[in-house]
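Two complexes, one shared chain (subunit A), two partners (subunit B, subunit C).
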Partner chain A sequence: MSRTLLLIVVILIILPAFISDFWLNQILTRSIILGIAALSLTFLTTYLGVVSFAQITLAGVAGYTIAYFSPNTTGLGIELPWLFAVALALLFSTLAGAFVGAIAKKSVGIYSIMITLAISMAFFYFTRQNYSIFNGWTGFSGITAPVAFGVSLEDSLVFYYATLLSATAAGYLVVKFTSSPLGLAVQGVKDAARRVRAIGIPTTPVIIAAYAFSGFIAGMSGVLNVWQQERISSFSVGLGPTIDLLIIAVIGGMRHPLGAFIGAITYVLIDTFVIDLFSRDRFNMIIGLVLLFIVMAAPQGILGSFLSAQKRIRKYDNNAIKRKIKNDCEI
Partner chain B sequence: MPLTDGSASNQRVALNLKGVTRRFGSFVAVDNLNMTIKTGERRAILGSNGAGKTTLFNLITGDFPLSEGSIEIEGVESSTLPTHKRIQAGLRRTYQHALLFDSLSVRDTLLLAVVGIHNKWPLFYPLKKNSKYHEKAEALAKVAGLSSKMDVLVGALSHGQKRQLEIGIALSGDPKIVLFDEPAAGLSPAERPVLTELLLSLPKKLSVILIEHDMDIALETSNIVSVMHNGKHLLEGEPEEVVHSDIVREIYVGKRQ
Partner chain C sequence: MIVKFKKIILVGAVAIACLSQPILAADKIKIGVISILEGAFASLGQDGVRGAELAFKEAGGKVAGMDVEIIVMSSDASPDSAVNAARKLIDHDNVDIIIGPLSGSEGIALRDLSKGNKGVTFVNGSSAAQDATFREGSDNFFRFGGDGAQWMAGVGTYAFEELGYKKVAVVAEDYSFPYTQVLGFMSEYCAAGGRVPKKFWTPIGTKDYSSVVYSIPDDVDAIFVALGGADAVNFLTQYDQAGGDKPIIGGTITIDQSILDSKGPFKKLLIGAPAGTPTVSDYEGKEWKEFTASYLSNFPEGMTSPTIFAHHYYMAGKAVLLGLEQVDGDLSNQHKALRASLNNLEFVTPTGGTMRLDENRNGIIDNFVTEVYEREDGSLGNRVLKLVSNVNQTMGQDPTAFRAIGAVSRENPSCP
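Right, the complex of A and B next:
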């Protein structure tokens, strides 16, 4: 798998040389940003075994923070050096994740969905009604991405590479976290929470840490999203984006966290091109049909199905090799 | 200071249960049970199905809260402590029905047990491959006879291997009291002597409570036997004496001869 990953990253590095600006911005960059947000969700589903509807909220917390502390045309907020603003954005989304975890800590299945949905809707309405921080339902606009280390992130190619780097970092963090003691404890809680306590580990802080970590990852996506869109408003944290993220996770597959990126690109392609073929009204129908197809034909999502097919092929290969060795020996 | 020789320290109490009671609704699963486990003691608990043996373990570890009574671990009142605190205080257990992390490997499971006991679980970056915690996990695997299965997923282990892993987990760190809940259940006749061997090789200062239906294993590995029936602690005593008592014959055979 890791060699395949390396190959994918190499392809993604050279790809901009061959595609138009539209493809670069609207398809690739957008998919990767959505993929990071979906990764924060598939991390929770794969390793903690809960479905959270609050990931868009967590991304939104980072997004609003970066908007508030960046130059913008709304006349609200305080301008900070961009690195400080990013650090604060990630800090707040991590803390917000911990907060969601502290509330949802005992819930699994439908209950974790209900609680996180309630939190996300509360945040949505709060951003609409609060003008002193969130500027009501119009939110922030005219936010400019910073000049980082001498290069402007306003440049679409630079921004693409920054996004790709962030996604790689997010994937790396997830891999490292899940093999750390705390990450193992998170997976332990999913399998047998009682056993985790019976080896001397309290489960509540483990669950809170998992949500906090997912908040950090979601925050990365939130920052990038605001830099790309140059605006954020209550619509960015509403029910629509929340459900879109779940669709992405289901399409990509919840069994492997990297399914998030496959789901994101599939979603963005449908979102972009089906609208050209049909009309905007048809989008929900198409995405609904795709979802139905995935749920029925490939319940592990696109990546999950690919991985199990690969496993079957490998097994077949191994058996063929074994048979060959056996034949050779007998001769 | 006359009473500080070996015999006196043998009299130290590892676990003290007083009036321990647990009700499920109106049903009394454990009924006003008193039991004192001395340091280094090996106690077997006998009792028919539903006698309340596993429930007693769940009360000692805090998996279930007590309805009444008190539990002292190493002299510290622990009946209101959360499970993980009792484990940190030196208590360990195995589960009758293996309760394991199916999606983790044997290595990661044992590593988690080790970092759990040593309070290193909050680390959010991977440990070095040659860390002392990895060494401890390897050592546990060796004791449990799972050295060759380190990279196998727990969900893919056989029934017997899962039981071995339960034991490996229960011996992590520096345990003071270990509760074994029917470790021999489902083991083949060939695997039983291995288990007996393992139980006999445990450090002398370790206190052990063993729930076991296999009378041979129970007698060979214990120096005191308790009998539970209908949630009550009916009697305790020397293994031979208890096993040949009328009460045990009645419980196990069904009627007095």
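Right, the complex of A and C next:
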């Protein structure tokens, strides 16, 4: 898998040479940003065993922080150097993650969904009606990506590489986190919380840490999203994006960090092009049917199905070799 | 297995590379239309698309001897989705002109986008936020129609002078379009001498208005209600049930036929209620009858008469068509000739007025003051009280004084 991953990264690095600006910007970069957000969700689902609807909120916290502390056209906020703004954004999204974790620490399954959904909707209505910080319905616009270390992130190629780098970093962080002692404790809490407590590890800080970590990852996607869209408003943290993220995570597959990105690109392609291929009056129905088909045909997500197919083929290959050896020996 | 996977990815990369080649076509004008085709506005958004298509259908699908290709994209009323739709039309479909969007905040978002895309001409659909053109306008973003304030022209004066309302409370939804509508009403009403002691801003989709209903001051003469769809029905029902009997003044989307056709005792509150609108579906004007007939024959599956959205997208399409004809399809030099011709364009609108733009590229329009009346069979309808001609974006006031009011918001304007 690691060789495959490396190959994918190499392909993603050389891909911009072959594709138009639209594909670079609106398909690839957008998919990777959505993928990072979905990664924060699949991380929680796979390792802590909870489904969180608050990931878009956490990304939104980071996004609004960037908007508030960057030059924008609304006349709100304080201008800070971009590095400070990014650091604050990630700090706030991490703290917000910890806050969500502190509220949802005792709940799993449908209860964690309800609590996180309630938090995200509360945040949505708050941003929509607060004008002193969030500028209400209209939100912030005219935010531009900064010039970082001499190169402008507004350039789509530079921004693509920055996004790719962030995604790789996010994936790496998730893998490292899950194999660290804290990450193992998180998985322990998921599998047998009582036993974890019995050996003397308190579960609450572990759960909060997992949520905070997912807030950090979601915050990365929130920062990139604001720079790409050049705007953020209450719509960006509403129910629609929240559900889209769940769809992405489910169709991609939850088991491996890569699944989030495969789900994201699948979702973006469907979302962008179905309206061209089918009747525009019914395009949402087609999107729904395609997603339904993916979920039914590949309950493990696209990546999960691919991996299990691979395993099956390998098993088949092994069996064939064994048979061949057996036959050869018999002869 | 790795090799196989490599192959799959290579094939995918090649496919993507092939897909991304722009398709070059000469002698063809590509026009993108952005409208809301999902969610609560879907059927209205569809009617907007019909309006834009109608303008080109009437011309036989050709302009200046070139074929017209229309590419439709959907947004979901959010600024983000409108920008995504526009980016796809510009970067992927290579459209020359974009018609749309439908709602207020989307219009401001596309105006911002247009500043970075000078090679595309944007013609607003039915979005009616004031600032899309009035502040920080963009020289390739045109609006052949009014904003929400212009759509209230005549109502404030009528309420004060003809109906004698000295004090009015405002109940409106909490976002940019109702702000602009309240501005349109108050700028006239306050200038005439009326007072607005209290304004209530409610979130879209509010179900329980009881706190608003019981806080409406006793000494107001009427309530200006700028709510849309189900919000209006909910508010009026609860106000009626609480024993409220103040007369109502309606915003542009408050009193449409669907509300008049709905059941409920609250309807008696509406009889005699004035409202402002640029589109009256059963207007008796000659041009409107022709427009309706053309709409019905081209879209038998459409509405029983064109909505405000079909009307405005039609005017946008018509302007694009006439502008392109004038310059003979010349789009060279970043549409320089087309922009000049759009700035000076004049044409007769479906309501019989003459559409032309002001220096902010915003339409100077004709507006109707309507009144709800009871038909002989007991059903309710809207009838035209008066037609206000040549309404500009500053509502006939001195531009500097009007601009000095500042951007519309919950507190602005104010005359308690």
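Please note the rule applied: the second predicted complex is superposed on the first by the 314 of 331 C-alpha atoms of A that agree within 3 Å, B and C clash if a C-alpha of one lies under 4 Å from a C-alpha of the other, contacts with A are read in each partner's own complex, and residues count from 1 in each chain.
Note that in this section a residue touches a chain if its C-beta (ideal position, glycine included) is under 8 Å from a C-beta of that chain, and two chains touch if they have at least 3 such contacts.
Here the structure is a predicted model, which is why all the values come from computation and not from measurement.
J.: Now for A:Ser20: first (subunit B), second (subunit C), both, or neither, which partner does it touch?
T.: Only subunit C; A:Ser20 stays clear of subunit B.
J.: Have a look at where A:Gly200 lands relative to subunit B and subunit C in the superposition and call it first, second, both or neither.
T.: first
J.: Regarding the shared-chain residue A:Ala209, is it in contact with subunit B (first), subunit C (second), both, or neither?
T.: After superposition on chain A, A:Ala209 lies in contact with subunit B alone.
J.: Is A:Gly183 touching anything from subunit B or subunit C once the two structures are fitted on A? First, second, both or neither.
T.: first
J.: Residues of subunit A touched: more by subunit B or subunit C?
T.: More residues of subunit A are touched by C.
J.: Check the residue A:Ser141 against both partner chains and state whether it touches subunit B (first), subunit C (second), both, or neither.
T.: Only subunit C is touched by A:Ser141; subunit B is not.
J.: Would you tell me which residues of subunit C are touching subunit A in their complex?
T.: Checking each residue of subunit C against subunit A gives 1-2, 5-6, 9, 13, 16-17, 19-22, 37-38, 46, 49, 71-74, 76-81, 83-84, 87-88, 91-92, 105, 108-109, 112, 136, 174-176, 203, 409-410.
J.: Which residues of subunit A touch subunit B once you look at their complex with the stated criterion?
T.: Subunit A reaches subunit B through residues 176-177, 179-185, 187-188, 190-192, 194-202, 205-206, 209, 213.
J.: Okay, in this complex, where on subunit A does subunit C touch?
T.: So the residues of subunit A touching subunit C come out as 3-4, 7-8, 11, 15, 18-23, 25-26, 73, 125, 128-129, 131, 136-139, 141-142, 229-231, 233, 235-236, 238, 240, 272, 275-276, 280-281, 283-284, 310, 313-314.
J.: Under the stated contact criterion, what part of subunit B meets subunit A in this complex?
T.: Residues 61-63, 82-84, 87-88, 93, 95, 99-104, 108, 111-113, 115-117, 119-127, 169, 172-173.
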